[in-house]
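Please find the structures below.
Here subunit A shows up in two complexes: once beside subunit B, once beside subunit C.
Right after this comes the complex of A and B.
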C-alpha cells in the first residue's frame, strides 16, 4: 500500500465515517438522555429505530403515502410507542419499587415485542430499502466519494444535534431534563414533575430514533434484526462517557470513523469487532469514558 | 433446608428417576437441555444474585466450555469426566481473568464491557474457522463415560442429571460457606465488606471464576447429549434468556434460579417454531413480570442494586456540575425508595 493509497483511504474512511457516525451519534444521544434521566440503559433502542424504519416503509410502499406524510407519521408513531411504553410499563415498574435492573429487563421485553410484531406483519420477510428522495449522485470531496444523500444525512443529523443543544440549554423542558439527570430529587424539590420529564425524555428518544431511521433507511437494507445497530450506539455512548451528551456525539463520530477505517485498512470482517474492542479499551483505560468527567469518590 | 424444599427435591428426584422409562427421546432432550439451563442459571446466580456483579459474559464462557469439550473429545476421545474438568478449569481461569474488569468498573460499565467480551467471543467462534468450523457449525462426536458411549439423549440423561444434582449441592454448600457470605457482603456494599477485612477484589474475581466455571461445565454437559453447535446460538439472545431465568425466577435465590431456568427453558423451547409469536409473548411476559412482580417468582425480597446509591454526591470542586458530567448522584434513587 503506497502513501497515496493510505491518504485516499484516510479521506474516504473519515468522510464515510462522519456520515454513518452521525447516525450512531443520534442514537447514542437517545440512549444517553434516557439513561441520564431514568437510569435505564435502553436495550430496546435498536428495535425502536427498527420500528421507525418499518413505519416509514409501510407508509411509502404499502399505503403509497407521499414523503412528507411518511415523515410526519413516522416521527409521531415512534414517539408514541416510546411514550406509551414509558407511561404504561416503566411508570408501573418504578411504582412497584423496581430497580434499574428491572427496568432494563422491561426494555428487553419491549425489544422482543417490537421485533415480533414487525415479523408478524410480514413486511420484514425480505430485506428492503426506502426509495431515496434525494439524488444519490456522486460528489467528490478531496479524493473521496460521497453521495448527495450522504451530505443530506450528515446535514440533517448535525442540525438535529444543534436543535437538541438549543433545547437542552435554552428551553424549560430541556433544562428540566438536565436537572433530573443531575439530581432527580433536588429537581423534584424545585418543582420539576419527574413523571412528565421521564415521559418527555422517552418521547424525545423515540423522535430522535425515528429521525435517524428516516435518514439512514434509503441507504441501507432493513430487516427486523437491524436493531443490532444499537450496539454501536451503546459503544458510542460508552466511549464518550455514558452520561455525557457531547460525549455521545464525539463517541458516535469516533465509532463511525473507526469502523470505516478498520473496514478499509484491515478487513470488512473485522468491522464487527472494532466497536467492542473500542469499548473494552476505553473502559479499561478510562472507565468513565472520554468526556465522562472525573471519577467520583465513593463512600458508604 | 426447609422441609418443603426437601419434599420438592424428593418429588423432583422421583420424576427424574422414572422419566426415562416413560418419555421419548425428544422429551429427554428437553430435560437434558433444561438441566444445562439450570447449571447456567446457577452460575449466573453466583455472580449476579450472590455477588451483585452485573456480568453479561456468561454465554461466552458457555461457548468456550462447549468448544473446549467438543474439540478435546473430537481430537483425543477423552473420558467425559476429563472433558468436564477441562471445560470447567479453562472457563474458571478465563473467568478469574475477566474478573479484573469487575475491579475496574461497576454497574452499567461492567455490564457493557462484559457484554463486549461476549460479542467478541461469539465473533471468535464465528470466524476462527480452522478450529470452530465457523458459521457452518461444529459437529460433536459422541462422548464416552468409561465404557458407556453417550450417543443419544437417553444415554446421556443419567450423567447429565447426576452432574446437575452435584452442581446444585455444591451451589447450596458454597452459598452457606464463608465465601458465600463474602459474596453477599460484597453485593451489599463493597466498601463495608472491605472494612470488615474481606479482600473485595479477590472475592469479585473468585465469583467470576465460579460463575464462568459453571458455564463451562454447562457447556461440557451440553456436548454429552448434543451432536452439533452453531455459534449463532451463543449470542446475546441466549445471554438474555439466562438473565431472564435468574431475574424473573427471583434474583438472589437458588430456588428462583432453578424455577426460572425450567419455566423459561420450556417457553423458549416450546415456542421455537413460532418465531414472531414467541418474541411477542416472551417480551410481554418480561414486561408484565417487571411491572407486577419485579422481585420475581421466588425472590428473597432483597432487591439487586446497581449500587449507584453508594456513590457520594458531587464533591465541590471535583466534578464540574456541567451537563453530562455527573455519573452517579446519591440522591437519584431515593425518589423511588
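Right after this comes the complex of A and C.
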C-alpha cells in the first residue's frame, strides 16, 4: 500500500464514516432517550427504522405521492406507531406492575409484528431502492469521493441533533423528559405527567427513526431485515454512555469512522467486528462509556 | 426338538433367501401403476421467488411425462410441501414426506442453507434426494450416495466459471473478487482460486464482506486501489447493488461481472444501482443455455403459459429461476427410466451415479460421477446495459473437482 493510498483511505474512511456515523448517532439518540426515561432498551428500534423506509417506499411507489407528502406521512406514521405502542402495550405493562423485563419483551414483540406486517405487503420480497430526491453525483472533498446525497444526509442529521439539543435544553417538554430521565418520582412530585412524557419520548424516538430512514434508505436499499443496523446504534449508545445523549452522538460518529478505517486498513471481514471491538475496549477502559459521567453505585 | 430346530433353521434360511426380493418389493412409494415423489420448495414467505415457479416447472414436466404414458407404465404422483426457505420447515417437510407420505424419492430444495440441514436425515433414511435449484454445496461435498443437486450450478463452479470468463473473454490478468465471508463465499472462492491456479497467470484480489454490510466504501475503495482488469461479484442482490453503485461513485470503469447469486431480478437491479449509467461495462452470469428470449428456449416459456395461463398473465411471472425446475425433473425422469421396470431405490441411485443428460435448457449437460453429484459446471454470460441484453458466445466451465 503506497502513501498516496494511505492518505486516500484516511480521508475517505473518515468522511464516509461521518456520513454513516451521523445515522448511527440519530438512532442511538432514539435508543438513549427511550432508555433514559423508561429504563427500556428498545429492541424494536431497528424495525421501527425499517418501517419508516417501507412507509416512504409505499408512498412513493404505490401511492405515487410527491416527496413532500411522503416525508410528512413517514414522519407522522412512524411517530404514531411508536406512540400507539407506548399507549396500548407499555402503559398496560406498567399499570399491571410489569418490570422492565416485561417491557423489553413487549419491544421484541413489536419487532416481530412490524417485520411480519411489512412482509405481508409484498414490498419486502426483494431489496428495493428508495428513490433519492437529491442528486447522487459525485463531489470531491480533498481526494475523497462523496455524493451530494451524502452531504445532505450529514447536514440534515447534524441539524436534527442540534434541534434535539435545543428541545432538551430550552423547551418545557424537553426539560420534562430530562427530569424524568434523572428521577421519575421527583419529576412527578413537581407536577410532571409521567404518562404524557413517556408517550412523547416514544413518539420522539419514532420521529427520529423516521428521519434516519428517510435520509439513509436511498443509499443502503431496503429489506425487512435492514433493522440489524440498530445493533450499531446500540453499539454507539454503549460506547458513548448508555444514558448520555451527547455520548450517543460521539459514539455514532466513532462507530461509523471505526467501521470504515478497520475495513480499509485491517480487513473488510473485520468491519462487522469493529463496533463490538469498540464496545469491548470502552467497557474495559471506561465502563460508563466515553461521556457517561461518573460511575454510580446503587444501594440495593 | 430336532424337528422344531430344523423348522426354525429352514424358516431362517428361507427368510434370508427371500430377503433381497422382500427389500426390493418393500421400497415405499412404488406400486405397479404409480411412483410417489415428494416435491418441496419455498412456496410462500420472503424466499418464495426462489422456489414457487421452480416447483411449477417441475410439476408441468411430470404432468407431461404422465400424459405420455408415464415411466415403464407407472404414473408419477406428487406430494407437495412448502418449506418457506427455512431449515426447520424443510426438515419437517422432508420427514413428513418420508415417514407419513412414504414417497419413493425426494425432489426439492431451492435454498441451500435449508437443504444442507436435511443431509443427515436423508442419509439416515436412505431416500434418494435430488434438489431443485439449490446449489447446496454443503450437502453435495463430501458426496453422499443419496443426494444430488446444483442443477443451477454449484457455488464452487459459479466462482470458477466467472474467473474463466474474466480471463478468457475479457483477457483479465488481475481480477478483483468480492465474495461473502460465509460458507457460500468460501465455496465460490475455492472454485475461483482453483480456476486461477489452473489458468496460471491470473491473480485474484479478494475482498470478503458480510452479507448485511451497509457501507461498502472500504471493500470497493480497496479494489479500486488494486487496479484490477475486471471485478467479479459473487454477493447477494443487495450488497451487489451497493457495490455497483459505489463503483460508479468512485469512478471504477473496469468490467463488472455479477454471478447468479445476485441476478434474481435484473429490473430491480437497474433501479437499485441508480439507473443504467452504473451498468455501462457490466456482465451477468446465467445458467440457461441462452437468453430467455432465444427461440431455442421458447418452448419452456410456452409450456409455462399453457400450464399456468392465469399466473403467466401476472407481472413477475414466470419467475426468473423457473426453467431450473425442468432440469431437475428431467434428471429424475431419466434416472427412473434408466432404473428399469423393476424399480428400487438402489437401482435408481445406480442410474443417477453415471448419468449424463443434455437438457436443452441449461448452459451445459447434467453430468454426475460417483465422486461428484453437482449437475452443472458451466455458465453463460450476458452483457447488460440496463436495457439490452447481449449474449456472449460460448459457455464457460469451472474445472474445480472435489478431492476427498
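To be clear about the criterion, the second predicted complex is superposed on the first by the 297 of 300 C-alpha atoms of A that agree within 3 Å, B and C clash if a C-alpha of one lies under 4 Å from a C-alpha of the other, contacts with A are read in each partner's own complex, and residues count from 1 in each chain.
Here is the rule we go by: a contact is a pair of C-beta atoms (placed from the backbone, for glycine too) under 8 Å apart; a residue touches a chain by one contact, two chains touch by 3 or more.
For clarity, every value in this text was computed on a predicted model and none was experimentally measured.
Engineer: Of the partners subunit B and subunit C, which touch A:18 in the superposed model: first, second, both, neither?
Structural biologist: neither
Engineer: Output check: A:119 vs subunit B and subunit C. Expected answer is one of first, second, both, neither. What do you get?
Structural biologist: Both partners.
Engineer: Could you tell me if A:269 is touching subunit B, subunit C, both of them or neither one (first, second, both, neither)?
Structural biologist: both
Engineer: Output check: A:30 vs subunit B and subunit C. Expected answer is one of first, second, both, neither. What do you get?
Structural biologist: Neither partner.
Engineer: Pick one for A:102: touches subunit B only (first), subunit C only (second), both, or neither.
Structural biologist: The first partner, subunit B, only.
Engineer: Mind telling me which of the two, subunit B or subunit C, contacts the most residues of subunit A?
Structural biologist: The partner that reaches more residues of subunit A in the superposed model: B.
Engineer: Would you check which partner chain A:136 touches, where first means subunit B only, second means subunit C only, and both and neither mean what they say?
Structural biologist: second
Engineer: List the residues of subunit A that touch subunit B in one complex and subunit C in the other.
Structural biologist: Shared contact residues on subunit A: 119, 269, 272.
Engineer: In their complex, what parts of subunit B are in touch with subunit A?
Structural biologist: Subunit B reaches subunit A through residues 54, 101, 104-105, 108-109, 111-113, 116-117, 119-120, 123, 127, 189, 191-192, 195, 240, 243-244, 247-248, 251, 275-287, 289-292, 294, 303-306, 308, 310-315, 318-329, 331-337.
Engineer: Quick one: which bits of subunit A touch subunit C in the complex? Just the residue numbers, please.
Structural biologist: Residues 1, 5, 8-9, 12-13, 16, 20, 119, 124-129, 132, 136, 138, 145, 147, 220-221, 223-226, 228-229, 256, 259-260, 262-264, 268-269, 271-272.
Engineer: Which residues of subunit A touch subunit B in their complex?
Structural biologist: Counting only subunit A, the residues touching subunit B are 32, 35-36, 39, 41, 89, 92-94, 96-103, 105-106, 108-117, 119-120, 168-169, 178, 181-186, 188, 194, 231, 234-235, 238, 241-247, 269, 272-273, 275-277, 279-280, 283-284, 287-288, 291-300.
Engineer: For the complex, give me every residue of subunit C touching subunit A.
Structural biologist: 45-46, 48-49, 181, 207-210, 212-215, 217-219, 221-222, 225, 237-238, 241-242, 245, 249-251, 264-265, 268, 271-272, 274
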